[in-house]
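Take this structure first; my questions come after.
Per-chain numbering from 1; labels A, B, C and D assigned in written order.
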Amino acid sequence: MTALPLQTPEERVSYLNAGHTLRSWFLTTDHKRIAILYLVAITGFFAVAAVGAALIRLQLMTPTGELLSHEGYNRAFTLHGVVMVWFFLIPSIPNTFGNFLIPLMIGAKDLAFPRLNLASWYIFVGGGIFTLYALIAGGVDTGWTFYTPLSTMYANGHVLAVIAGITIAGFSSILTGLNFIVTVHKLRAPGMTWGRLPLFVWSHYATSVILVLATPVLAMTLILLFAERALRLAIFDPSIGGDPLLFQHLFWFYSHPAVYIMILPAMGVVSELVTAGARKRVFGYWFVACASLAIAGVGFLVWGHHMFVSGQSPYAGAIFSFLSLAVAVPSAVKVYNWTATLYKGEVVLDPPLLYGMAFVGLFTIGGLSGLMLALLAIDEHVHDTYFVVAHFHYIMVGGAVSGFLGAAHFWWPKITGRMYPLVWGRISAGLIFLGFNLTFFPQYLLGYLGMPRRYPTYPPEFQALNVLSSAGASVLFVAYVLPLVYFTWSLRNGRAAGANPWGASGLEWTTPSPPPKHNFEQIPVVDRPAYDYPLTRARGDE
Amino acid sequence: MSEYVTLREPYAARRQQSDADFLGMYVFLATEAMLFGALMCLTFLYRTQHPQASALAAQHMQLWIGAANTGILLTSSLFVALGVLAARHGQRRTTAGMLAGAMALGVVFLTLKGIEYGLDYRDGLMPVIGHPSPVRQGPAGLFIDLYFVATALHALHMIVGLVVLGTAATLVLRGAKRLPGQAVVVEMSGLYWHFVDVVWVFLFPIFYLARG
Amino acid sequence: MPRQALTLVGVWVALMALLATTIAATFGPFGAWKAAINLSVAFCKAGLIFWVFMHLREQRGIARVVALSFLLWLAILMGLTLADVLSR
Amino acid sequence: MNPFFQAWPPEASLHAVRVDQLFIAFSALTVLLTAPVFVLMSGFALYYRRGRDVDRTQAPRGNWRLETVWTIVPFLLALIFFGWAGWLFFDQGHPPTGALTIDVVAKQWMWKFEHPGGQREIDELHVPAGEPVRLVMTSQDVIHSLFLPALRLKQDVLPGRYTSVWFKAGLPGVYALRCSQFCGFDHSVMAGRFVVMTPADYSRWLQQAGTDGSLAWQGFQRFRALGCSGCHGPASTRRAPKLEGVFGHPVALDGGRVVIADEQYVRDSILYPAHDVAAGYAPIMPTFAGQVSETDLLALVAYVKSIGTAAPSQEAGR
């Protein structure tokens, strides 16, 4: 760290004080400001969805569920699922940290299409308002999966408004993905070859490919759903020979890769956290980079594992089972490489690395339980039970949300120019690991015992584990509020961070914190690989 | 072809900017292709499941209106392509004229489409609540409804395309976009229009010519 | 310019000829092959439009790959769903 | 048993035991693969933490051999388990001939079961132990899923289609029966009892349960009431395919295709007679869509099935 006296963020011109009017925020085309707009929006949506989660866990304290009616519970978990998936998890890391960091990391002034980037935020918020309207007006009772014919002919919630909102938000995803792809291809600084890209950029590139190619299929599926429900067209209507399984195929063609939209950016974050925490080049750079692309590619071939017991042909089931097991290989490669990166490092157990390690641990457990679900005979028992719920929460909360918080703890000083209290960061990381396991591990057991998901009431023999899970959720709640408190506190009271508080490599740390409006005083010229730390600098590199 | 391009933020070189514009538009059109492609896959899968019913339904389609519309769209694409060529040579008036020609053909397409929907209504293809039609019974109804969704969505894209071409033509004619430095606005509008044309090129055989 | 314009008109003539072919095939004695013929003609037409009208011939590798990437993904969607539908 | 806590779900069949074995084996593998990651990660983090004077020379940037090992070994392990699970799944995919067929109709929010003898029950399923039982299931409204945790079995129940599942329960007892596919308001109470009885108890139970004649007999009544027998009856002179000896055998269709006449084919032929017309017949039959309930359809299928095995057709010999 530098010994020079640090300027506070206010003393220096940066993107934050380049303008103070509302107009300068809401009509900005600066990727960094748009990232902040996204950060505010998705934090709001996270809070809304968390209310749904709280209602669910409170209801399940007792087998007879005293808090909500069945209808109320169905609406609560649909709210939780829809808002978490489309309005928090999918945009969480790419649209905030990806938006902020990709131009900085590759040495560009901005994304390729700055105005499109702003438009994408407005579209996202527009879709969110549609959805929130539907939720305030009474909610939806279909689950986030919208299976026909329940969603088209039987459900009586505000299905149309919600699917309209999701479709609109989908276009925002598409525009962001498009922007990232073109930016990575065309705006890399001189000398920033593909082999020198930070892994964060690689994983966002892979994510963008999924966003761009999968999201339109979801849009079409929801348009068809809309046509069937609103206009009474017959698209999947089984009473005249329509096939609800084709809806499921189209839905999961998007929704399974969507899981990788959530987890790949988090993997990119972890690659940064682990290397910076170990002060060492990542172990097996090309393996980790290619694993991202492999996950994005093979991830498109596995959607049928959501349909093993749906009436899909058992032969198709076998193909999907095999491919699902195959997609685990690149994930395993990543986990082992991260572990090996710490070997002979110069490790500092700051909050970012703790979050990174929490991610690796929880993702490993979640991923392996995913393999159980990919095994035909086990899935036949645990499909649509709490085992599945536990599995995807290990990936999405243990994985994606840990990645999101890790990113926040790592780049907060870069974004705001201020440090947060590290002790509290360590405490919250520990609490999250503890609370998370307490909440979701019992759900694996519940699932194997045979408790189906989406149940407002349940047989009494499941109570002990449900109470344990609800207790864990309260710990998790505290652990999520903590960062909100100390981050807010640090905005005024945190000490000035300086350009590179962690001593990390990467172009984003060469520019002041917070960065100036155009990112760099001068477009940098790159002549070194990513993660060029002294420990692993090859002789001759210097 | 990029030597005349007017540079804008955040680009440093003409070639880089032109490549980025085209790349961005191709990615966007790839997403549009996935959108319509999903619908076409679904139609094809239903056709595999219910071959007779689909053929039966296809025989109710207005083949000759569909064929005429295909010809009209292909011709409008030629106009747009000539417009782009003119724009790259800095010919303001020719560009606007060609785009106007393409738009006129687009309007003819939509008019014919409207007439066709009228005939479809007469033949009982449209879903009318409370009036079940014998044509729509059984799996044939699935095929017919997919036809409506696909063509309506395509028509919507046509309307967007008309707005896009109209805007480009106006900007060029009024000098708000200078040619050839900012010919990109014509190029990109043109790409969109051609793509909408390609979608129709597939909808035509999938729905009109699938009569078994 | 006239030569480039002639190329474009030439493509248009080819497109109209393909349109005539596909309609003729529909009324011809081709049985189950009709669908295959019509679809191939559609791919030819789309190919011409993509290559010439949509400037793919002027582009370098990556733009071409991107512009045609959707074909692979649609093949995946179609192929694996068909694997289910045909083997139920 | 403690009413608030259950340690392990009951195993009521050999299949359940085998699934549990697979599950436990994979859980062990999970521990085996997770432990090194947890141990090494925290070990490295502590041992190599900044300020400790340890050997950091020649810190590696990668290692091809190691990468190959941890790419291939997990893949091979996954392959072994793929085979194991696939074998169990496909073993469960083919019901033995002569299995006792019970029809299931699901609707929001109840289960209806119909035994071959015509006995009906709601939200309760009685089956004999030690005999293969096949469930043929359909839904009247949305998608449901029949979940029998004690057998480790589950199958979605679709509207407009028959799905089936088979099992051989071993241990008599009362087990849970649940719906596991979200189906709306009362999804969580669309549950019941799954009663496995000794064969003797089962036949006693069958006799006690009231019946209006066997399912096939009820189907025959519908066959006459709906006017099917006017064309398809043995004595009819109209040009309609005779149904004796059809079920379970290949049927040549108009256009050269051949299908096996299973439950789904019979059902579709009643509802959409214009499609899949048998070769050599004119498509003159009217549709019965919207006129027959799912229960009646299943009875009609049972009738066609009962006359299917009586007189084997010529094709059966080949």
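One rule holds in what follows: contacts are C-beta pairs under 8 Å (C-beta built on N, C-alpha and C of every residue); 3 or more make two chains touch, one makes a residue touch a chain.
Just so it is clear, the model here is predicted, and its values are computed rather than measured.
Colleague: When you check each chain against chain A and chain D, which touch both of them?
Modeller: Touches both chain A and chain D: B.
Colleague: How many Å are there between the centre of chain A and the centre of chain C, using C-alpha atoms for each centre?
Modeller: Distance between chain centres: 37 Å.
Colleague: Counting only Cα atoms for the centres, state how far chain B is from chain C in Å.
Modeller: Chain B and chain C have C-alpha centres separated by 15 Å.
Colleague: Which whole number of Å gives the spacing of the CA centres of chain B and chain D?
Modeller: Whole-Å distance between the two chain centres: 45.
Colleague: In chain B, which residues are in touch with two or more of the other chains?
Modeller: 19, 23, 27, 30-31, 33-34, 38, 45, 49-50, 53, 137-139
Colleague: Specify, in ascending order, the residues of chain C that touch 2 or more different other chains.
Modeller: As it turns out, chain C has residues touching two or more other chains at 62, 66, 69-70, 73, 77, 81, 85-86.
Colleague: Return the residues of chain D touching two or more other chains; collapse runs of consecutive numbers into ranges.
Modeller: If we look for residues of chain D contacting two or more partner chains, we find 272, 275, 289.
Colleague: Pairs of chains that touch, anyone?
Modeller: Inter-chain contacts occur between A-B, A-C, A-D, B-C, B-D.
Colleague: Show me the residue ranges of chain B that touch chain C in the complex, using the header's touch definition.
Modeller: Touch list, chain B to chain C: 1, 19, 22-23, 26-27, 29-31, 33-34, 37-38, 41, 44-45, 48-49, 63, 67, 70-71, 74-75, 77-78, 80-82, 85, 89, 187, 190-191, 194-195, 197-198, 201-202, 204-205, 209-212.
Colleague: Under the definition above, what is the set of chain C residues touching chain B in their complex?
Modeller: For chain C paired with chain B, touching residues are 1, 4-5, 8-9, 11-12, 15-16, 19, 22-23, 26, 34-35, 38-39, 41-42, 45-46, 49-50, 52-55, 58-60, 62-63, 66-67, 69-70, 73-74, 77-78, 81-82, 85-86.
Colleague: Given the complex with chain D, which residues does chain A contribute to the contact?
Modeller: By the definition above, chain A touches chain D via 70-71, 74, 141-143, 145, 147, 149-150, 153-155, 238-242, 244-245, 277-281, 283-287, 309-311, 314, 317-318, 321-322, 325-326, 328-329, 332-333, 335-340, 342-349, 353, 357, 360-361, 364-365, 368-369, 371-372, 375-378, 380-381, 383-385, 448-450, 452-465, 535-536, 538.
Colleague: State the interface residues of chain C toward chain A in the complex, per the touch definition above.
Modeller: 62, 66, 69-70, 73, 76-77, 80-81, 83-88
Colleague: In the complex, go through chain D and note every residue touching chain B.
Modeller: Chain D reaches chain B through residues 254-255, 271-272, 274-276, 287, 289.
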